[in-house]
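Each of the two complexes below includes chain A, the first together with chain B, the second together with chain C.
Showing the complex of A and B:
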């Protein structure tokens, strides 16, 4: 209830922020323009439209998660609104969780709007298929994880550094499979172990990326979607736990 | 003896700079005790550590050493805060909310239902005189209005213990008067009020007890009636006629404060000197305009304490 109050307020704050609309307009323009781009290719029209559509939802979702996410907690401290908030009978964990849920709510609306537009484009051409829904669902799970990472960094760092860290994590998260390849190529046992441990520690965001498969009509089994979701949500919970831990003993100067 | 509302013992806090290369000890072993139903004023210069102390009480920052107990319990307890109201210095709130939305949101943080929130919001808005401007967004509020809405959020839970950090700053004279009345009203309802200020006249008007914070400790604390001597400390005499310097006053202990036209304002510390001055003025053909007895004020006490090294 109290967490929800903070979440609702965070949502209200974000939707009164112009930057969100800017991102959304860009995304819709991008999805709309995929039709034009697809004209440049022969025979692969459907793939191009789906590819650009999914990539736009993912990219603009991540942009929202990072650029709104890193400012959320920082702004509360910088503008000292946190003073009156934390002196009410709510715990700091509830505060962090509320902030997080508020942004997830924003992302849900954001993704829903982009998806509706995307589906409109697909339906008009008769290219609609259910696998697209699975891909978007996993994009959303990934956004939940990226948001948690953004909140974790912003619980102890400035927005600029936090966005830098989060973007770095995002990129690493999509390339972490390279660590396994590296481990196979390495000679020493120690180096291999380091690579494997790092692979386990770092988020494997590619687990939630089925965009390529969907675009090329390769089936994405429900079991894979479930496994990826469980992985993404567990990782999110751990990151949020860490954020709450960091935030618990922080001085608000 | 009733249980104190607030009890602080041996509180210490050091602020560390980047990488802990620099550090500054702000609070150096502070002890404080506030009894139920009293209005306590924490006084001190800017940077004396008033806000730091208040932030530690509210667990916004954490002490390096010492204990803080509120209503007999450790101050970190979350449920404890349902009985506390807090107005920070120069409060800043969510500017995209209207005053009423803001108060309803804060009501939610106490777990009140919708009807309860609305009733309480309307109630505190009326108390701080903001009912007519409740539906304006906070971004359009003046500093004084923000201070009032800040007071409203501090009172939304009808707290037993109200902590106010520089509550009078940013208020016009009428606003200050109203805030003073509000604090006295809280006291009349049995609430305990703890506030920090450097506006001494306000503190003198409403405090039961004051504490003077200096060098990270409470240098002096007590009832105003105990701290301030009721005896006359000096007299201020306004005379007119011959210039003060020309008067035949050998061995006189008073001093000239100001001259305006033919009038001189003179301060006299001893009663015997006062009599002599009056006699000399009369015999020199001058006129007595006024004599004002000055008693020790909080300002005198404060200046003495803070200036003392």
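Showing the complex of A and C:
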């Protein structure tokens, strides 16, 4: 209950910060792009609209997760409102989890409304394909993981540094496959081992990226969606556990 | 106060004047630089894929949209310098499954830049990356047929397209005609018979039956002429009639043309001909 109360407050706070205005930008982008593209391109309009729609959902979501996520804990400490909270019978883990769930709720609303707009445009154009739902679902799982990483950094660092760290993790997460390529090129066994260990340790966000496949009509098996979801959620749990551990040791005085 | 306002107004006028002068200067400098210069800075799609951070499809869309604007600007005469790089290295590496740029890129290469082999290289890349897209093999086949008049290559591409589900029936007709143009009349006749058997409209039935009619005559004439030549090589004279060829087993039996008429034979010259007219314009064989 305490966790839920914190989550609800975090959600309200985000709404008051006019986070949902992003949806308006998304709607304009979607409707605008679908009309303008017919003037600029030769064929491929459907593919481009789907690409832009999925990329926008992902990018707007990541921007929200990072820039709201990194300030969540820091703001409480800076405004000293955290004192009133930690003096209450609320554990620090509950505080972190509540903050996290609040932001995930904001992201869920964001993604749901953007998806509704996106599907509306696709329906109007006659390009509706339910397989796109799988890509959006995995985008949401990815956003959950990015939010957890943002909160982890936010629990011990300033918002600017946390943003930098989270963006770095986001970039690394999408390029971790490069470590395997590097391992094949390296001659020394130690170097290869380091690359492989890092590949295992770092978040593999590309595992949740099926945008290209669904746009090209390539089937994304349910088993793949499930495996990627389990991976994303497990990694999220680990990161949140770390955040709670770090925050528990934090001294506010 | 008044002189201050005048000073501000004068400053604004100077700023507007300098901005418009520098704008004009920039435009002059830009038009002086080679039009393809901006393309030089675009690295291969392999590297751009890394920069795209999980959004290579969107980057491919952007480069594709830009390429349409760039290559449709007819004032830039040297716009084709990096054509293969844009479609073959950038867009196709960023999103190998993106079919439209292969087709449009090949069209620009072939029809605008007159680089047919370059277009075929791009289409080959597309075919390798998209084995389930018949349109790419079809496009390559049509390019070989229509522009290069390389019917053997065209037939191979049409064969490739035909084994892919969804390929239209027109590809079968094109394959049959390529064999005819290659000079392989027997194979062409076999393929046209296949088209006739599967014809689902009166138009296709009529066209394919005309092809079968004419090719049957051509194949029969070719068979009979070869047999007469073989007879002449053996005996040093022309056979008395066409039945003699069958009796000596140089042919299985004496054929009649598709309209039931016997083929004409001139014993003095050894010439074989057909009295029934061709339905299509195949004058060379008569």
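Criterion: the second predicted complex is superposed on the first by the 238 of 253 C-alpha atoms of A that agree within 3 Å, B and C clash if a C-alpha of one lies under 4 Å from a C-alpha of the other, contacts with A are read in each partner's own complex, and residues count from 1 in each chain.
Quick note on the criterion: a residue touches a chain if its C-beta (ideal position, glycine included) is under 8 Å from a C-beta of that chain, and two chains touch if they have at least 3 such contacts.
Quick caveat: nothing in here was measured; it's all calculated off a predicted structure.
A.B. asks: Figure out whether A:51 sits in contact with chain B (first) or chain C (second), or with both, or with neither.
C.D. replies: After superposing on A, A:51 lies in contact with chain C but is clear of chain B.
A.B. asks: Who does A:223 touch here: chain B (first), chain C (second), both, or neither?
C.D. replies: So A:223 meets neither chain B nor chain C here.
A.B. asks: If we overlay the two complexes on their shared chain A, which of chain B and chain C does A:175 touch? Say first, second, both or neither.
C.D. replies: It touches chain C, and chain B stays clear.
A.B. asks: In the superposed arrangement, does A:249 touch chain B (first), chain C (second), both or neither?
C.D. replies: First partner only, chain B.
A.B. asks: So, A:1: does it touch chain B (first), chain C (second), both, or neither?
C.D. replies: Once the two structures are laid over each other on A, A:1 reaches chain B alone.
A.B. asks: Between chain B and chain C, whom does A:130 touch in the aligned arrangement: first, second, both, or neither?
C.D. replies: Neither chain B nor chain C is touched by A:130.
A.B. asks: Where does A:39 make contact in the superposed view: on chain B (first), on chain C (second), on both, or on neither?
C.D. replies: neither
A.B. asks: After superposition on the shared chain, which partner residues are touched by A:9: those of chain B (first), chain C (second), both, or neither?
C.D. replies: first
A.B. asks: For A:206, select first, second, both or neither according to whether it touches chain B, chain C, the two together, or no partner.
C.D. replies: Once the two structures are laid over each other on A, A:206 reaches chain C alone.
A.B. asks: Taking the touch rule as given, give the residues of chain B at its contact with chain A in the complex, in rising order.
C.D. replies: 15, 55, 58-62, 78-82, 84, 86-88, 91-94, 96-97, 105-106, 108-111, 150, 153-154
A.B. asks: Which residues of chain A touch chain B in their complex?
C.D. replies: Against chain B, the touching part of chain A is residues 1-2, 5-6, 8-9, 12-13, 16, 79-91, 249, 251-253.
A.B. asks: Can you list the chain A residues touching chain C in their complex?
C.D. replies: Touch list, chain A to chain C: 37, 40-44, 47-48, 51-52, 55, 58-59, 170-171, 174-175, 178, 205-206, 209, 211-212, 215-216, 218.
A.B. asks: Quick check: in the complex, which residue numbers of chain C touch chain A?
C.D. replies: 50, 53-58, 61, 64-65, 68-69, 95, 97-98, 100-101, 103-104
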